[in-house]
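Order of writing sets the labels: A, B, C and D. Residues in every chain begin at 1.
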Amino acid sequence: MSGSKTDKHIVRPYGDTTGDGMVQMSFTLPLPHDKRAEGAALQLAKKMGMDPAMVVHAKAMGTDFTFFVVYGAVQHLVDVREVQVVERDYPLLSPKEVNTAIKKGLRRPMVVVGACIGTDAHTVGIDAILNIKGFAGEKGLEYYSEVTVVNLGAQVSVPDLVEASRVAKADAVLVSQVVTQRDAHLHNTREMSAAFREAFPRDRRPLLVVGGPRFDEAMTAELGVDRIFGKGTTPGEVASYLVSSLVPTPSIRKKAV
Amino acid sequence: MSRSPYTTAANDPRRMLDLDPVTIRKARSLARRAGAPVVKLAKQHTTVSVERATLRLAGLEGADVEGIPWVNRLVDVVREQVGLEHGVSVPVWDAMIRTGDDLTTVAQKAAAGSVQFRVPEGKAASAAAKRARVQISAGIRRVDAQRAARDKLIGKYGNPPSPWIYLIVATGDIYEDMPQAQAAAREGADVIAVIRSTGQSLLDYVPEGPTREGYAGTYATQANFRLMRAALDETSKELGRYVRLTNYASGLCMPEIAALAGLERLDMMLNDSMYGILFRDINPVRTFVDQRFSRQVHARAGIIINTGEDNYLTTADAVDAAHTVTVSQLLNEFFAKEAGLQDWQLGLGHAFEIVPEIPDSFRLELAHAMLARALFPDAPLKWMPPTKHMTGDVFRGYLLDGFFNLAGALTGQGILLVGMMTEAVVTPWLSDRDLALQNVRYVFNAAGNLREDFRPAPDGFIAQRARQVLGEAVDLLDDIVDDTLLNAIADGTFGLMTRPADAGRGLEGVVRKSSAYVNPASDLLEEGATR
Amino acid sequence: MSRSPYTTAANDPRRMLDLDPVTIRKARSLARRAGAPVVKLAKQHTTVSVERATLRLAGLEGADVEGIPWVNRLVDVVREQVGLEHGVSVPVWDAMIRTGDDLTTVAQKAAAGSVQFRVPEGKAASAAAKRARVQISAGIRRVDAQRAARDKLIGKYGNPPSPWIYLIVATGDIYEDMPQAQAAAREGADVIAVIRSTGQSLLDYVPEGPTREGYAGTYATQANFRLMRAALDETSKELGRYVRLTNYASGLCMPEIAALAGLERLDMMLNDSMYGILFRDINPVRTFVDQRFSRQVHARAGIIINTGEDNYLTTADAVDAAHTVTVSQLLNEFFAKEAGLQDWQLGLGHAFEIVPEIPDSFRLELAHAMLARALFPDAPLKWMPPTKHMTGDVFRGYLLDGFFNLAGALTGQGILLVGMMTEAVVTPWLSDRDLALQNVRYVFNAAGNLREDFRPAPDGFIAQRARQVLGEAVDLLDDIVDDTLLNAIADGTFGLMTRPADAGRGLEGVVRKSSAYVNPASDLLEEGATR
Amino acid sequence: MSGSKTDKHIVRPYGDTTGDGMVQMSFTLPLPHDKRAEGAALQLAKKMGMDPAMVVHAKAMGTDFTFFVVYGAVQHLVDVREVQVVERDYPLLSPKEVNTAIKKGLRRPMVVVGACIGTDAHTVGIDAILNIKGFAGEKGLEYYSEVTVVNLGAQVSVPDLVEASRVAKADAVLVSQVVTQRDAHLHNTREMSAAFREAFPRDRRPLLVVGGPRFDEAMTAELGVDRIFGKGTTPGEVASYLVSSLVPTPSIRKKAV
């Protein structure tokens, strides 16, 4: 089982034996179900690096489509060293620590404006971060005495968000995007960050944070935001991040590195 | 539909749950008392959308170059010139009489600023009202004709057995939707719902024409309705089975979409008396006025409504908030019947949304589902699958959907919304629907009759839970009656959403009626008249 | 285990199915009458494997350079020199007395052809028998000690709740098996079965040492038993829960594997009185002799046996052949008790193998499972998942396994063999087991108590089906009694396999006992003696 | 939906829109569950040609393994023209036609010997082909008056099979292999075909046919057999094939092409 040892850098999928490379796959091809379609399914599997591959299930869906389940051994190797991940580069603080940090460092409450922008009406995620109720046993930002939360709710237009941030003198703007069909979340986020760069001078632009279950946390640059949070984010992580990037406290900066 | 088609003497849920008839009666009368003031409010107001719906029934179609529908342009001009408190009909038909133009021409001229509207008095007024009624009644008769056409087809093909299998398509492109809907029907779907593009419910107009560019759904337009209904008529013929079509009314354009649904023979509509308020932050008064008119149209069109209680459980906890679902069902029932809908048209919503990992979660679901079945024996009920607790583990999801299907079978649900294993991942794929239907087929064929062996004891876990929920519902209704429904909504009673009566989208579209208010459409609907 | 741990007064299956006690008694007495002649036959014969098992109990381990175990070499030489009708013990210990060599040395010399065996008479004979008994009883006491050790651990950790979750590992490599078994135990498995390599059951010897090269399973060897038991003891300690270990006895070496299982503290063994005959074409007499001795050893070792009725349904139709399962269960019960096993040791087999697509298939499964539960209230019962009708559609498979789990919960099965969604594809993957356990956990946690609400009516579909199967079982037993069991087997009564008594593998290893036959192991087991 | 038209030669997997390329995949990596492991899963998906790919589910299995479910769009194209399939190159005959063909062409019953070889004990498959009971509504070869069937059953050794075929004067030998772990079915088949070539002169070697649910029907050459039948084979197909390749009847030969 050496393959399971974390000191091994090269790994392969594991079915029931180290190195067997076995994976399961399912997909639909726009072909009527016949031997040719099964051959086409195998061709795809081979192109994906599955060899040997077996079509273990094929079912006609109407006359034009066939659904396949394919099992097989992938020949690719995974090099764990090449994996880049956005590791947490700030210390996790308790609500108490957050509040004192803000008191000491900012000498005024931190203002956070939150919203679901575009046509997205999925507020449960942003509410999990902002509402007192919180998420995963952690209270939301409203619970922090030193954080002032303005939650604009769902389907907020970008201009309204910019305006509200200006009025509220937001230190940070928290935006949620859950609907991803046709990359709606990416389009909306880019539109949002552009509008903020437009509306604020570099040094007075609020910190831009987006989140949602389908974001790639490594895309900050592409999307023009300061931070991206993915699925399972907890309020504490967000609060700690905000402190580390908005509150000039050497002590904390040190911890961060 | 015959009486009580969903239960038999042997499995009468009221008996098994040992529900107290007095409590049930009390719950209904409390719902009536909570709803009555809101109905009064609804009768005192009209909205831009009600007036636009009236014009649509009169046959006004099409849009200007920017795609703004003529009904919007016309209502806006009338409002700005003479206000809407008298309704749009008299001023518009008065203008038509004076100019001799037809409706579309008047609308176009109005948009161009070349018509002067007035609120005529005496003879002129009654003449205008009369002409309006003649033209609008033609639209109402078209709705009647569509209902007759549906009845004819059902008479020919018969109705599918209960529950009806309800499937969603949501590609965003009507031309992808059609073949997918037909494929789903061939695989066994009895009802096809085309999900709306996100955000449409916040548009204060109904887009025009066939559309290919929705987000996570396809725009609800008259053209799309017509295309999809035609595609399904074709498939119904091929299958010898009438395949029903569903879309969404709730939103800023409830009345208009209801009118279009009636004109294009949709068979069901998502129509909730409070969904727009709670989940789309639409002004409460606007919503209550709109939902009443829209439901009168649905009643006339023989359309089955689906209410949205299931949504509460996506924001609130399904166990803690179980009684809010019951309360909302009772309110939806009251508003629906007041608007003329009958029991067989009430697809009251509820859902399988309890955290699957809590002990006895499945039995709790059964308790809640049986309670709904017991309270509304003659309503089909819309049984929604797990969504909130679905994850990327599609295998687990497929299993949960199987138990959801089993709960539907054990409790005699009438409309079964088919759950998708990819709920937490993507909008349904073709193969997701195919697998989902296979799941439904297995469960109902292999275990559907297990209902005969399912006999919760009156003193058992399930019955006790059901009685507890009913008790909490009655208590909550008591508070609502004291506090008024509008305040209860403002206080976040439903789905944890707080919605004050004087805020929310579309408020500006609400107008208090004057004593001279005329709306031939409302009259025809209230009277049940055809001319 | 306490009495009737699988049912309560409230859900007593006998009552719900309204089974006639007279019919049940009749079924049992018919099984006794059908089995009695076979027991007689078994007592009249010994086999090479019984004699080798005796030597293994005496402590003879190891193999020659070609890997042929010393027990095989020794028994073969004794047989060829003086025959086996007197048993191997007296000739061997007589030789030891004469030469002063120990058992291994005698075996090696015998293999080298440098020992002359004889069948001593009088004093010499009784001296040899006495010495043999002394040495063999040491092995029996080691078995007793292992049983005591198990009881101690269970006393310390307690037993898991019913049903016990039973998982399979089958990598072919004992060193991959161990971590997989430990992982499975951590995820919740109560029982781990290591599947044997295909074909081992046809080997007339037990391979030696740790092995890494099995096909679709891992060789059953004393060393592998020891390694896996140690690995699981370690995990049991870590989890504070005694994890049981299972392997397979049925096959050509039933008696020896039973002995090794007792010596290495396995906790359960697949042991069927007819499986070897039907599914491995092993000679019927050979099998009946071997199974009796092996079960005497299991009884002594406190091992729970699992029988193989489930296998019939992989070759015969699960509905048509349902009664053959019941008949086989009754026969396995008779043979087991005759060999000294008690109710709590009887993991009688049955399975969820009805074509899932036939109407009411799930309720038919419930009827069959309840019947077994009703007939054997104090036996744990081994509930096998769907296999034959599993396909490459792993989603469907995962759902079927969920309903299999539900059936297990509703009918109070004691040993739940966890079904794998990849049943039709590959031997289980690590992730298959993890998903399978998640499936079991969901079903039992969410719906396990549904048993309280499951009340099939005595005149309902389920009860009627159960009574029908019992009736057919009684009729078949009647025929078997007339026709004799050996002929019935020859005629393809079970699993559609036709197996004549004078054919099949291992026949040459059967020997009729002489009046002078001595086997201290059998004596110690029959007497329950320790010296 | 042009992609579903069969005249299109280039197709891609179909999620809910033509050409979206969407597939589902699941596998295990021998890594503890953390962000790095999720990155490793994405790396594998990318190497398989999935882009974008999303890890929608990740679950620790013990401390050394993580199970993943990944969804994403495969960039590969499937060219249906390149698909090679073993199409049926013989006419499907009814039992009656088979019997007359043998009577006319062979003038004696055709002898077929069947077995599961090696340690494989899965007889249901071969029995489905040979036993009267048959499969999928079609009766097995024993039902054909002109076919003599010798079914040796399970776990037959290759030497025994060769011997039995010689004694029975087999025209065809039908072998079943169901267990595929460690490629047992391939090893056993090669051993079998080698033994037959060894034991029989070229022209008197019986026709060698193997079958089983996991065979690739295109491997006849590699395995040294005359024909391979996969999952779902029916007795009629086998009987028809035997006639077309053993019975010298021009009429039938013609139909075959």
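Simple rule for what comes next: a residue touches a chain if its C-beta (ideal position, glycine included) is under 8 Å from a C-beta of that chain, and two chains touch if they have at least 3 such contacts.
Every value quoted in this text rests on a predicted model; they were computed, and no experiment measured them.
Engineer: Determine which of the two chain pairs, C-D or B-D, is joined by the larger number of C-beta pairs in contact.
Structural biologist: More contacting C-beta pairs are found at C-D.
Engineer: Using mean Cα positions as chain centres, tell me which chain lies farthest from chain A.
Structural biologist: The chain lying farthest from chain A is C.
Engineer: For chain A versus chain B, what separation do you get between their C-alpha means, in angstrom?
Structural biologist: It comes to 34 Å between the two C-alpha centres.
Engineer: Once you find the CA centre of chain A and the CA centre of chain D, what distance in Å lies between them?
Structural biologist: 44
Engineer: Centroid of chain B to centroid of chain D, CA atoms only: how many Å?
Structural biologist: That gives a centre separation of 52 Å.
Engineer: So which bits of chain A are touching at least two other chains?
Structural biologist: Residue numbers touching two or more other chains: 1, 4, 14-15, 18, 22, 24, 26-28, 54, 59, 64-65.
Engineer: Scan chain C for residues touching two or more other chains and write them down.
Structural biologist: As it turns out, chain C has residues touching two or more other chains at 179, 394-395, 424, 426-427, 429-430, 435.
Engineer: What residues on chain C touch chain D, complex-wise?
Structural biologist: 172, 179, 182-183, 186-187, 197-199, 202, 215-216, 279-281, 314-315, 424, 426-427, 429-431, 434-435
Engineer: Under the touch definition given earlier, write down the residues of chain A that touch chain B in their complex.
Structural biologist: 26-28, 59, 61-62, 64-65, 67, 118-121, 123-124, 153-155, 179, 181-182, 184, 213
Engineer: Once bound in the complex, which stretches of chain A touch chain D?
Structural biologist: Within the complex, chain A touches chain D at residues 1, 3-6, 8, 11, 13-15, 18, 22-32, 35-36, 38-40, 43-44, 47-50, 52, 54, 64-65, 74, 76, 78-80, 82-87, 214.
Engineer: Within the complex, which stretch of chain C touches chain B?
Structural biologist: Where chain C meets chain B, its residues are 356-357, 359-363, 366, 394-396, 398-400, 402-403, 421, 435, 438-439, 442-443, 445-447, 449-450, 452-457, 460-462.
Engineer: What residues on chain C touch chain A, complex-wise?
Structural biologist: 170-171, 173, 176, 179-180, 391-395, 422, 424-430
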